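Heads up, the next two complexes both have chain A, just with different partners, chain B and then chain C.
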Partner chain A sequence: MTPSRTAFAAILAKDLRTELRTLQSLPAMALFAVTTFVIFRFGLDRTSLSGSLAAGVLWATLLFAAVLGINRLFVAEREEGGFDAIRLAPIDRSALFAAKATALLAYLLALELVTVPIFAFFFLDSAAGLLPLLAILLLADIGLAATGTLISSMAVNSRARDLLVPLVLLPLVVPLMIAATGATDPVLAAGGPAYDRFGTWLMVLGLYDLIFALVGYAVFDFLLED
Partner chain B sequence: MYGKGLRPLSIATVAMLALSLSLVFFYAPLDADQGFVQKIFYLHVPLAIVALVGFVIGGVFAIAHLRSNNRKWDAYSYVAIHISVIFGVAVLITGAIWAKASWGHWWVWDEPTLVSFLIVFLMYATYYPFRYAIEDPERQARYASVFAITAGAFVPLNFMAVRMAESLVHPRTFATANGGLPGEMMLVFLCSLAAFALLWTTLVKFELTAKSASGQVKRLRRALDAPVSGGSSRIAPEVS
Partner chain C sequence: MDEKQPAAEPAIRLAGLRRDYGERTALDGVGLTLAAGQSLVVLGPNGAGKTTLLRILATLLRPSAGEAVVLGCALPDEAWKLRGRIGYLGHEPLLYRDLSGRENLRFHAKLHGIERGRAEARIAALLAASGMERRADERVAELSAGMRQRLAICRCVLHEPELLLLDEPDSNLDAGGRELAQELIGPGGGRSRVVVTHDPERHLPEADQVLRLGIGEAAAVS
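Entry: the complex of A and B
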């Protein structure tokens, strides 16, 4: 049996290489996010945002852009027979979950690397809040990667693939979004970053990450049995 | 085989419901603050508690299904969630009525319990489209179980996050059941909680019985080689 670490590294490298060569998801996600910012600019009729409005626009956009990537996460596995190969391979199935979640995390971080500076450039008066925002982004992305991988792996085997991911994922990440926007709101406040209840919200994000990483790890085996 | 004990259970449920409703209307004291409308509390809160516990029970059945690979547990899990979703609709409606009567609005966004319940309800409402988007019955059962477990872990987390999102200055308008209720109200409350728990159990049992009966009828028809008419196999899992 191949050690899980080797399998994990191999699957992750395969995913990142495929994405780098085909550029299937990331450019679409980034383009979607930037266009959504433009729509918010006119929808809200504001040229600068701060506080809860900034947090809401940023997180709604990132979440919907993430859904695009989550939708496509397992498409190659399904269409090119990757699931069968994984099932045949003498590896721990959880390695697939861990690798896919890590790949999704990398996509999300890459997406944010592009879109968050654009968001700041479009709407924010000062870039002072971006540094603490980094911690929130990282923690929220881990949770989103765990739940997204879980839902995506189930949805890809259903009839209504593209429909199911947003349908099931959105209510599932509501607590995550509450915590993320709750922490982002004071950080992007008009008069420079403030940190009320920042630590508490980060703890909620961490707890969410932990719980859904564990749930995903525990149940993922059952999703591959066939 | 699921029909066993259904009759005494139904009778007990009806008796308990009648008892608790008469206690609500004739025994429970009028609330000094809100008067008569407060009596919806004895309907709303037990329904909510039973629905939430029902969701968690659905998750426990799902774990049993994944561990034992016995389809029976999947049917249990499905029916538990199904009845709890129906209870959830009742909770949202009674909650809205109560909110209108005591706060003046049909919906109050800064009442964390209300909002948490809505989110949990929305989460479980996606159980049906999720389940029926998967064709292969065995995979459907497995995925539905995974969903039930994930959603079960989500319920407490969601309540925590929503509660924290509220500014702490918002007054808790009603003390919850475990604090601040006078003795008579507590007694009536516990009675109606028991009544609704019984109602939930009875409905779950009825639903399971109906499913198992229709599954048997279908199997017999198939055995007789007669064309199956009006099959509703898509609507719900079979119980063998």
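Entry: the complex of A and C
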């Protein structure tokens, strides 16, 4: 058997190299997010947001931008025979799950690197809440990456992939989004960040991440079977 | 004392092999034994189940019924032991279009746990043997179908498999390509081979056994 970390590194490097070369996912995700912020800015007719409204605008936008990347996560594996190549290799298939989830996490972090400063520029009076927001973004991204990878691998063989991913994914990430917005609300409060129940929400996010990472690791092998 | 040596494990042993896709039976009643190092040529019209048979042997499909033992591993339960010992050349080249040929081969070498130095030497040798040295750093998407097939052959033998499963290996290859391919995936070298083909004139001379599959007919081995 090839060591799992070798397979993980090979698949992750292949995915990141392909994305850097083709830019198939990230620009679309970023463009979607920025356009949505512009629409919110003019739709709400407000130059400043705080609390739950700011949290809602931020997470709704990031979630739907993430769906674009999740939809495409396994397309190369499906269309270019990557699934067969990986099933023929002497590797633990969970390495594919871990590599894909890590690639998606990297896309989400890159997306946020571009879009969160734009969000702050459009809507926030102060940048004080951005530092604690980083912890929320990281934990929510891990959950989105684990769940998104799992759902994407199931949906990729369907012709209705673009419909199936949001239909199955969105209900599954409702707890994640409740925790993410719950943690973000006080952090982006008017008058500076507060930390009411901040730790509790972070723990909920961490628990969600753990559960879906373990579920993905446990079932992924069966998802690749004929 | 005259001790009997145990008979060598056959490369493939099939008995009553069947595969259904829902209500449709794609393959039924296939039975044969292929000794190690021998070549089996599979013939039959489109839809007779040739590719299905190859995919079962490659552990990519589960049999619906019957027995399949490949390189001593019973399928599907011991499929995990078999991976890495098979070289599979299917209809798809299993190459990523946005990577170059060399990058694809490096990727597959890593998946098969080939140490880096040995992988580089092996890749260089295969690219030379397949006539792909000059185009190896171009993206696969920019190559012709014949060149992709040459790279797919390199991928198929990269990890020096014990059993080759070849589905129409000559497709898209010109005469020169077929000759080069013969050196890489032809008979010999102690490898066992299963070759699915629509070109019996070319492949029958190298067959130790022939399996004829028909639609709605019993499979015949000769």
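Heads up, the rule we're going with is that the second predicted complex is superposed on the first by the 226 of 226 C-alpha atoms of A that agree within 3 Å, B and C clash if a C-alpha of one lies under 4 Å from a C-alpha of the other, contacts with A are read in each partner's own complex, and residues count from 1 in each chain.
Convention: contacts are C-beta pairs under 8 Å (C-beta built on N, C-alpha and C of every residue); 3 or more make two chains touch, one makes a residue touch a chain.
Quantities reported herein were computed from a predicted structural model and do not represent experimental measurements.
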Contacts of A:225 with chain B and chain C, given as first, second, both or neither: both
Partner chain in contact with A:150 - chain B first, chain C second, else both or neither: first
Touched partner set for A:80, first chain B, second chain C, both or neither: second
First, second, both or neither for A:212, with chain B first and chain C second: first
Superposed model, chain A: greater residue contact from chain B or chain C: B
Intersection of the chain A residues that touch chain B with those that touch chain C: 225-226
Residues of chain C that touch chain A when the two form their complex: 58-62, 80, 83-84, 86, 88, 90, 92-99, 103, 107-108, 110-113, 155
Complex contacts: residues of chain A adjacent to chain B: 147, 150, 154-155, 157-160, 163-164, 167-168, 171-172, 174-176, 178-179, 182, 197, 200-201, 204, 207-208, 211-212, 215, 219, 222-223, 225-226
Of all residues in chain B, those that touch chain A in their complex: 66, 119, 122-123, 126, 129-130, 133-135, 139, 142-143, 145-147, 149-151, 153-154, 157-158, 160-162, 164-165
Chain C-touching residues of chain A, taken from the complex the two chains share: 1-3, 6-7, 9-10, 14, 17-18, 21-22, 76, 80-82, 84-91, 225-226
